[in-house]
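Two complexes follow with chain A in common, the first pairing it with chain B and the second with chain C.
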Partner chain A sequence: MSPETISAQFDVYRYDPSDGTPPHYQRYTLELTPHTPVLTALLRIRAELDPTLSLRYSCRSAICGSCAMQVNSKSRLACETHVGPEMERHGRVVVEPMRNQPVLRDLVVDQAPFWTQYDRIEPHLKLDPAHPMPEGKTTMMTPEQVDRFKETPRCIACAACFSACPAVEADPAFPGPMALAKLYRFVVDPRDGAHQDRLVRIQPNGLWLCLRCHLCTEACPKDVRPSERIRDLKEMAIAAQGATENGSRHVVGFKDNIVDGGLLNEMKLVRQTYGTFGMLGQVVQGLRIWRKKPEVIHKPHKIQGAEELARIYDALDTDAEAPK
Partner chain B sequence: MRMAYYPGCVAQGSGKELDMATRWVCRALGIELVEFPNFSCCGSGFVDEANEVLNVAINARNLAIAERAGLDVLTICSTCQGMLTLANVRLKDPAVKTRVAGALKPLGIEYRETVQVKHLLRVLTEDIGIPAVQAKVRRPLAGLKVGAFYGCHLLRPADEMAWESAEEPHAFEDLLAALGATPVYYRGRVMCCGFPIQFVKAETAVTIAGRQILDAKAHGAHAMATPCPLCHISLDAYQNHAAKAVRQPLDMPVFHLPQVVGLAFGASPEELGLSRHLVPTDAALAKLGAAAP
Partner chain C sequence: MLRHEVVIVGAGLAGQRAALAAVQAGRDVAVVTKLHPLRSHSGAAQGGINAAVGAEDSVDTHIYDTVKGSDYLGDQDAIEFFCREAGPTVVEMEHFGTIFSRSPDGALARRAFGGAGFPRTIYAADRTGLALLQALWERLSTERFTLYQEWDLTQVVVRDRRVQGIIAYDRHRGEFEEIAAKSVVIATGPAGRIYGRTTNAHSCTGDGLACAYDAGAYLKDMEFVQFHPTALLESGILITEGARGEGGILKNASGERFMTRYAPHVLELASRDVVSRAIVTEVAEGRGLSGPYGGYVHLELMHLGKEKVESRLQEICDYCRRFAGIDPVSEPIPVYPGQHYMMGGVGTNIHGETNVAGLYAVGEAACVSIHGANRLGGNSLLETLVFGKEAGGAAAKYALSAPATTLHATDLEPATAPMRAWSSRTEGEDPSTLRDEMQQTMDRYAGIYRTEADLLEGLRRIQVVKARFERVRVVDHSKVFNLNLTDAIEVGHMLELAEVILVGAYARTESRGAHSRVDFPKRDDVRWMKHTLAQKTREGPNLSYAPVAYTRWDPKERVY
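And then the complex of A and B:
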């Protein structure tokens, strides 16, 4: 018995810079089984209905990372996204190219922004001359050391995270989740001699632009969990360099604030982040908010038992993550 | 129903209108809010970035306070919900648990991990239930198209939050429909508001907020509603900057979750603190024929 088929509607983004028409969506309808991967459906469209459709793919087995695209607004691999659930949720399958990379044609994007950010983190081991690799040994890592970066080698560089990241979308300076997850992998690699330098250099216009929205972790088809590796990097960056950026000053200021009285003191935190002089830039907007919400400048009450927080902090202060 | 009320910092400060609306709605539904003057801030994701274990410990302390009273926790902020839940999840790691227990023990605090943390959105849609909410509606929000804006930490990381589909949530839209409003579905509803980097790089933060508001607007929303006061700061208090960043007028009223519920239940704009918003809510209220605040 052949499995039940459904009629699925595909609205596919089409764009050909050479023909002068603006980007548009083209509708195709296929009869297929619900478990058909979106990639298989697109290849059928190309073979049976429209040979002009351009897309990038290779292995069809979620190994090569070539077929990342947006399916109903979510960045994912077309080869492991099934048509049936998409039809159930949305009544159609909207297929668009990845975001945050210029479209070359149809579903094919220019991945240069993604790879440029990857190059920025210098993704190769920089051996410490003071600690050369022992001769004749293939590795100098213990299983525990390898375990610290067990997730990141799973990355297949599909760029789904880069496509899903709202910080990348709003600010091309942000390295993006994949580059930062890869950076983490080198920072915790005991063979690498440049961890301090790496942590210092990634901070300006880089690490601290992460929104910790976890959209990268949601998009990642390999469960690399980039947002968690970025969190680790932030903790290590503060341990390595102290609070030297708006981002790290805000984090450390926030922690001090809570350890001090238990609740957030908004004005005090802004001063800690920007400094007294830098705070002047916030005056106009601050007054605008204060007119409607006067509590914004009130010092919050100390919670009962605030001293407990200081004692918890003292007990755990040494726990902050060191690079190695 | 009794719950330990965890208002969070913002609702005790500049976002007082959220606290006012929460109390009004909970009174209407018979939810008793038990207050604890020793609850601390959840760390808002920032303390987690300074010291992961410290973040778990301060929230284990909060949860232990509720546990001693035998109560589950009610949150009204996506970030508080996320951080308190994350503490429960990370305590499953024996190494973390040992260190946290070691820091709390000298203070006579022990947390046995029995407390459930629930956001008001979940309590309204699961514990009270849509039919009971609907039964309280006196002024249906008919004609009002509302774009729900979830806030990241209510949904993600998905494995840890796990009460609603992170990719395609519908609890908030179900609630809005029960109140008589027309929910608006748009990509931005599960995106980030930009708040975490408001003090890192403001122009990037407000660009992100502006894009989500534009998206809601393009899908026909007359107003947005959020279960997170941090999102409210981005979307409402900084909307003037967001409009400049996206070079378009936005004029989008943004409600806190319990404010839309309260409006439908018949609360006055004063009782819900609507006049405290930076973007006037008059245009949205006019759709309902209610008096402007």
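And then the complex of A and C:
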């Protein structure tokens, strides 16, 4: 806890729709200790240099989820991101509003896209009328059942994952990592009576749009690991409904390809994913790829050791089915 | 002008529970909050919620512990009601979907907390507030009501001795708006940001308290301010009492477990006021540690083992590692008391009713009073839910029979003229400078140990800051998220409340619970077994007193 200070430079995104000037970056310099959180620095800027800087913040202890923003291009909570390491790595601290949500002013974004997706998964317990809550007493739930929630109860809805997610950017229909982690929370809740329905309904324009890049898990300040829960949901969705969506057929087809010959057969995979008719829609794209890289459309054959791969899959499948 | 039957201001646990009750009673309900409901400060509550559900425990023991913890200033009839409702309240929250920690048999897990005769604090790891807030919001969201999000309360309008509605500032559009209502429930939480060294969120600025006070409601027992023994040094972030409940111990600079001298029977699990005074005394008498952020003591968890610390105190591990750069599994945590809770608030009965018709208050913004002079850990989450339900129900019932409001669109202009004038000044006082001076004054002159001289000096300084606030200037002229303006609104509210705390503390010439007068070190049941009531006048707070309600427990000396 050394009180030694450094001089830190902040380049802060500024935008005010009511003054007519286009978005720009404003530079502020502060003397502070390396351990100072970015939020504390922004509040000092407001108090000492510029009271017009606007942002959301409240608890300053990473539990209210208000102060998510881009710090040196990463979606972070400003309250728990320290200035020293940012200065060491980047030589300055660039502070910008979160992505994938329209900017209202400075660092404040319109969170409607995020909350709309949250609402879409119907985030509340749905009881099975055949299994009402026990009258006047709590349900029983073992610590093992509580463990099945994984880290999802820690979610503070800060939207850092939503900001970091390229699938959200590519397709606004995608619910985003937080909503899906929230869905997982209900699908593993023994009190919820709509597991099957939830798993079926999240698939069209939902679950399978995830790109599996894990940027949400990297961005999450509470270690909720949304991408791992999305993976779990995908497994549960296939178990609940079979491979009935383009996304799930693609996953299952991919695996079947590997088990078959240890090699991805793009032609076959396209047919498995989209069906024979659907495949016609991919013809133009396929021809384009073929012209550039004819080798992708290869003659099906087995690679050396393909049987070994099939055995590994077999062992994994047996393992997954075994009670834990 | 907007119009609803019941307006609830604040969307933490108390406000949400009140809203649910009012909606279920069939009223047209609006919830006004300056945050998103899930960002409310209820979510920062860590340790747990009390309910005497264990076989060895009893409601009577919970009542007795709460009465004793209150240093006999709590109203015993209210405390009896409160403790009886604990069990059903926890069951209801579990049915709403709260993910509580469980014991191996599948029942709710319980941990020990300060001042409690049995382990009766039910918890969700060390994020109980968040777990409850999520579940209640999930439940409430299935109902129909109107949410005004990121709106700041600026006035509770009272005319003909009756509530007519509120005026609030919409941060998104930069406009003041009237919301006509037959009943208004104040659920805006505490005003901890009156102090600089506080565990409270930046948003805890007592807006509802100040507006209720301005509207003629009594503020009750405001001099009783709880300082949590273990706030993280420098940042003031809360380290839950659950850390001591799980076996954490306090040590001074020479490694002595000093609580053996202050509370030989229960040690670190004495009541919060007792532990806070012990820490301050250790540091003041030179037995504490010291560093660039002042004196402190050590909270040790190392002996509990990595597994227990990381599973039961997961958030605490994160706080220590991320905010203080220390690992509680292998290092002691530097702690010092910080402002944490206000036992006082808008005076109400158990139905949340105030002395103003149509005005209700609940949660930390209210004073029922069940906490008296000192609140027990685990009782505030319970309070928000038990009395949220009561206040919401009572406000809904009142709205059903109340006459139409007389709030008029033409009322808005004169009511908001002073605030709009802040922006047209070419010179004046900066709101954040005034806030800093208020916080420094309260930290220095109205802290854990108080004297007549300090309180008078504090009052003099606060009155100077209040006078300067008359010339406050807002330099940001934007219509969108103008924090410079909302800062000014908040500082104005807090200054009123700071004055009430100081005046009440100066008048109360005894030591009781969290109010420790060095010049009057003994509890004085003959003269001071009474509630302080402060009413706003042109000349400042006017104090009167009200009796404490007794049922079964005679005052005894409080030993832990």
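As a convention for this text, the second predicted complex is superposed on the first by the 298 of 324 C-alpha atoms of A that agree within 3 Å, B and C clash if a C-alpha of one lies under 4 Å from a C-alpha of the other, contacts with A are read in each partner's own complex, and residues count from 1 in each chain.
The criterion applied here is as follows: contacts are C-beta pairs under 8 Å (C-beta built on N, C-alpha and C of every residue); 3 or more make two chains touch, one makes a residue touch a chain.
Bear in mind that the values here come from a model prediction, so they are computed numbers and not experimental data.
Visitor: Report for A:89: first if it touches chain B alone, second if chain C alone, otherwise both or neither.
Guide: First partner only.
Visitor: Is A:213 touching the first partner chain B, the second partner chain C, both, or neither of them?
Guide: Only chain B; A:213 stays clear of chain C.
Visitor: Which partner does A:112 contact after superposing on A: first (chain B), second (chain C), both, neither?
Guide: neither
Visitor: Which partner does A:52 reach: the first (chain B), the second (chain C), both, or neither?
Guide: second
Visitor: For A:287, is the partner it touches chain B (first), chain C (second), both, or none of the two (neither)?
Guide: So A:287 meets neither chain B nor chain C here.
Visitor: Can you list the residues on chain A that touch chain B in the complex?
Guide: Going through chain A, the ones touching chain B are 73-74, 89, 166-167, 169-171, 174, 205, 208-215, 217-218, 225, 227-228, 231, 234-235, 238, 245-247, 250-252, 254-255, 257-258, 262-264, 266, 269-270, 273-274, 285, 288-289, 292-293, 295-296, 298, 300, 303-306, 308-309, 311-313, 315-317, 319-321.
Visitor: Considering the complex alone, what residue numbers of chain A touch chain C?
Guide: Touch list, chain A to chain C: 1-3, 16-19, 35, 37, 43, 46-47, 51-55, 57-66, 80, 104-106, 108, 111, 119, 123-125, 133, 136-143, 145-146, 149, 153-154, 156-157, 185, 189, 191.
Visitor: Contact residues on chain C for chain A in the complex?
Guide: 35-36, 38-41, 43-44, 88, 90-91, 94-97, 99-108, 124-125, 127, 130-131, 134, 138-139, 141-142, 172, 174, 201-203, 233-235, 237-238, 291-293, 314-315, 318-319, 322-323, 325, 430-433, 436, 475-476, 478-484, 487
Visitor: Could you list, by residue number, the parts of chain B that touch chain A in their complex?
Guide: On the chain B side, the touching residues are 9-10, 12-16, 37-41, 43-54, 57-58, 61, 99, 102-104, 106-107, 109, 152, 156-158, 166-168, 187, 191-192, 194, 196-197, 199-201, 204, 207-208, 211, 237-238, 240-241, 275-278.
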